[in-house]
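Okay, so chain A shows up in both of these, paired with chain B first and chain C after.
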Partner chain A sequence: MFDVFALGPTGWGDEMLMGAVMTVLVSSSSLLLGITLGIVFAACKLSNFFILRAIAEVYTTIIRGIPELLVIYLLFFGGSSAVMYLAKIFGYMGYIELNAFTIGTIAVGAISGAYSTEVIRGAVNSVPKGQFEVGKTLGLSGYSLYGKIIFPQVARIALPGIGNVWQITLKDTALISVTGLVEIMRQSRIAAGSTHEPFIFYTAAIILYLLITRLSNIFFDSAEKKYSKGYVSKEAL
Partner chain B sequence: MRNLKSIMVGLMISALSTVAFADGHWSTIKIGTEGAYEPWNFTDSDGNLVGAELDLARDLCARMNAECEFVQQDWDGIIPALVNGKYDVIMAGMSVTEERKKTISFSKAYMTEPARFFALNSSPLSTFSSAKNLNLDDDGDSTSGTISALNNAMKGMNVGVTVATIHEDFANKYLDSNLKVYPTQDEMNLDLAAGRIDAMLCDVGTAEAFMETAGGSDVVTFGPNVFGGLLGEGVGAGIRQGDADLKAMFDKAIADAAADGTISKISMQWFGKDLAP
Partner chain C sequence: MRLELMYESFFKIVEGIPLTLQVVSISTILGIFLAVAVALMRISGNRLMSLPAYYFVYLIRGTPLLLQLYFVYYGLSQFEAIRESILWPILKEPYWCGIITLTISTGAYSSEIIRGGILSVSKNYIEASGALGLSQIKTFLLITLPITVRQALPAYGNELILMVKASSLISIVTLMEITGIARTIISKTYAPVEIFLVAGSIYLVINFIIVMFVNLAERRLGIEKAT
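After this line comes the complex of A and B, so read on.
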């Protein structure tokens, strides 16, 4: 039974591993994009300008309110249609392919960005107002205030939430398989359909996903520990 | 000034692309396939696309003097991606149906999995002999002759079909026997094995799966391969509705490949039987 997972041309082991690498690549780029979007839109939501708050509200409401698959379809098929439409205006009639990896990262990144926005906004709100005031009283501003005082506190509160967003992001990448990007899901579907052994390959996919989440949990646990240094947890009191 | 520049660039690009098209619009044909539907099209463990449709596509492209380029696409997005222009043709074991024809057009079928009749090996029907094929698109004497031979052989017998299928339509239109309509193939299989019906009409694949089980070991097939007409056209190449020239090229290449036996040869190699139209 394990012959089918041999590495090299006789087995599917190398293809499945490449699929796992692709999943990790696309989910980590999506998470990075998502956190960036999250910081930007959380700042918008916390700003004093109505228009910025409204834009951020529209973004999180729409993205969190519609199925992820729809976002991916919209960007993948709609995205290249839109680019081709623009190109047509300039007289170029051919097909323009938007790279499946880029589109997938943008789509899943936009989704995880909406969830990250809420996580980060909540975390910033949980930092006591006094921390900002004391920082300013001490004459701190810019990086020394936000980077040294506020960020570590926000990070401590946001990390468990971001860990959750990471797992959602990781699983959302399975949906990108519809664009033809060969990640774990698409690779196991190819292997299952080509060998008529769906059970073996979907089980392998489960194990790969669990391995990735397990390893990333170790990373998030240690990051949480790092940012909780100097903070006495309620359980300890 | 900026506007003028972009118009110039636009004109230049369109001039270039016109030249490219004039040099043979379809010198390269991109073929989209799923790569996960053995033996039609699938992926070997080294990641290469293989299968009956890959072999056929290469042969067709050679006939059309075109370069074949294969693009893998998940089944879920396979029609939208064709419409969008990601590739020009779908060859992915896709049956030609009226529903799909609303969105895309199809070449003529390059392979068909015909319907056939099945009976127990103890039945007199098991020795029934007839023409190899019954093509309902052909209204010649051989078609009507084969149908009346079938009706003679099955006179007064019970013939099973499953409900709301092309096979039920066929039986209603052409057969004189007593029809028994079943909700599922499985129930019909059991009744055939138990002798409650004398024959059944269904797709070859599903019946063969039953014949491989212990309960179906006494079942044999008889009569012609039935296809065409109201049984549908089989599996064809999906093509954008606007590309009538490409459809014409495929129709001709498929007709040639069917006529010189290439499709039969590929079919025998991958399916172990002849699915040529």
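After this line comes the complex of A and C, so read on.
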């Protein structure tokens, strides 16, 4: 029963593992893109300009109210022409096709970004105003204020939320399989079709996802501990 | 922007709304029963009950919904025993597989919301109710349940929106709901932006209506909005 998972050309073991690696890669790059978008749009939401706040509000509302699959279809069918349109403005007339990895990263990154925006906004809001004021009183600004004083506090509060966003992002990457990117979902579909053993391959896929979840939980727990140094945990009180 | 195409496709995509709403409402209602059962198992204090419930929630929350759908639709049908069982007329239909998967999924997610709600009920109320001579069942129905509903409603509103979004996945197993129709039109006309705007707006309207109803219910129950 387990020879279907043999490594090498006889079984699907190595292909499934490569699928898992692809899932982790596309999830991580989507999360990074998402956090970047999250920082930008959280800054928009917290800004004094009405237009910036409105843009950020529209972005998060649309992403949180529309199925992920629809966003992926939009980028899958329209991503390349959008890039070509942009390239034309800059004078490049050639044909550009985005690969499945790029499309997937942009799509899931945009989804992940909307959730990150809320997490980061909440975290920035929870940093006491005095911290900003004290920093400014000490003559700090720019990187020394935001990078050295505000960021570590935001990171500590945002980390559990980003951990949740990571979970959502990881699961959303399964949807990219419809665009042909060979990650866990797609690979188990191919293997199931070729061996006529869907049950065993979908079970294997479930185990791989749970394994990634478990390992990333361990990672986020240790990161939380690192950033919480000097704080007394609630349980200890 | 091809406005005429958007206008035409709007009427085609609208035809998918009944299926989306049908699947969402059936699985939400069935899901509530599952969620209450799982939540009660988890807080039962009996490890034989709470452990399976814990692992069930862990399994569902840790895996993508699409995978669960494939598992139910393709994975289970592999076995002769299932194909010959009385369940087969149900399990061979993508419609029922979609409903089963969505029910299980919302059951697991909502069970956590309900568990949080039940745990937030102060012990004093339960003790007071016992002192007044109310039976356990009456205490649950008259004290615990109403307070749980109040506590869980805001989070449950989010879950409802997630359900509407999740229902789009059943288009992958050939069901022609909003997303399924939208996808077909996109691949025929190659106008992804226009169709996205139409289908996306329909989803936003549905979710907006849900949010309005949840807000109305919250106000009726006197839940204060966290600001």
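We take it that the second predicted complex is superposed on the first by the 219 of 237 C-alpha atoms of A that agree within 3 Å, B and C clash if a C-alpha of one lies under 4 Å from a C-alpha of the other, contacts with A are read in each partner's own complex, and residues count from 1 in each chain.
To be clear about the criterion, a contact is a pair of C-beta atoms (placed from the backbone, for glycine too) under 8 Å apart; a residue touches a chain by one contact, two chains touch by 3 or more.
In this text the structure is predicted, and so the values were computed from the model without any measurement.
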Practice task
Look at A:E224 in the shared chain and tell me whether it touches chain B only, chain C only, both, or neither; answer first, second, both or neither.
Solution key: neither
Handout entry: Partner chain in contact with A:G94 - chain B first, chain C second, else both or neither
Key = first
Exercise for the section: Based on the superposed arrangement, let me know which partner A:A192 touches: chain B (first), chain C (second), both, or neither? Expected result: both
Practice task
Quick one: classify A:E118 as touching chain B (first), chain C (second), both or neither.
Solution key: neither
Practice task
Considering only touches as defined above, state whether A:E57 meets chain B (first), chain C (second), both or neither.
Solution key: neither
Handout entry: First (chain B), second (chain C), both or neither touched by A:W12
Key = first
Practice task
Could you tell me if A:S177 is touching chain B, chain C, both of them or neither one (first, second, both, neither)?
Solution key: both
Practice task
With the two complexes superposed on chain A, say which partner A:F77 touches: chain B (first), chain C (second), both, or neither.
Solution key: both
Problem - Overlapping contact positions on chain A, where the chain C interface meets the chain B interface - result: 73, 76-77, 177-178, 189, 192, 196
Handout entry: List of chain B residues in touch with chain A within their complex
Key = 6, 9-11, 13-14, 17, 34-38, 42-47, 71-74, 76-77, 80-81, 84-86
Handout entry: Residues of chain C touching chain A in the complex
Key = 58-59, 61-67, 70-71, 74-79, 161, 164-169, 171-172, 179, 182-183, 186-187, 190, 192-193, 196, 199-200, 203-204, 207-208
Fill in the blank from the handout: Interface with chain B, chain A side, in the complex: residues 4, 6, 9-12, 15, 73, 76-77, 80-81, 84, 89-95, 97, 177-180, 182, 186, 189-196
Problem - Of all residues in chain A, those that touch chain C in their complex - result: 61-62, 64-71, 73-74, 76-78, 167, 171-175, 177-178, 185, 188-189, 192, 196-199, 202-203, 205-206, 209-210, 213
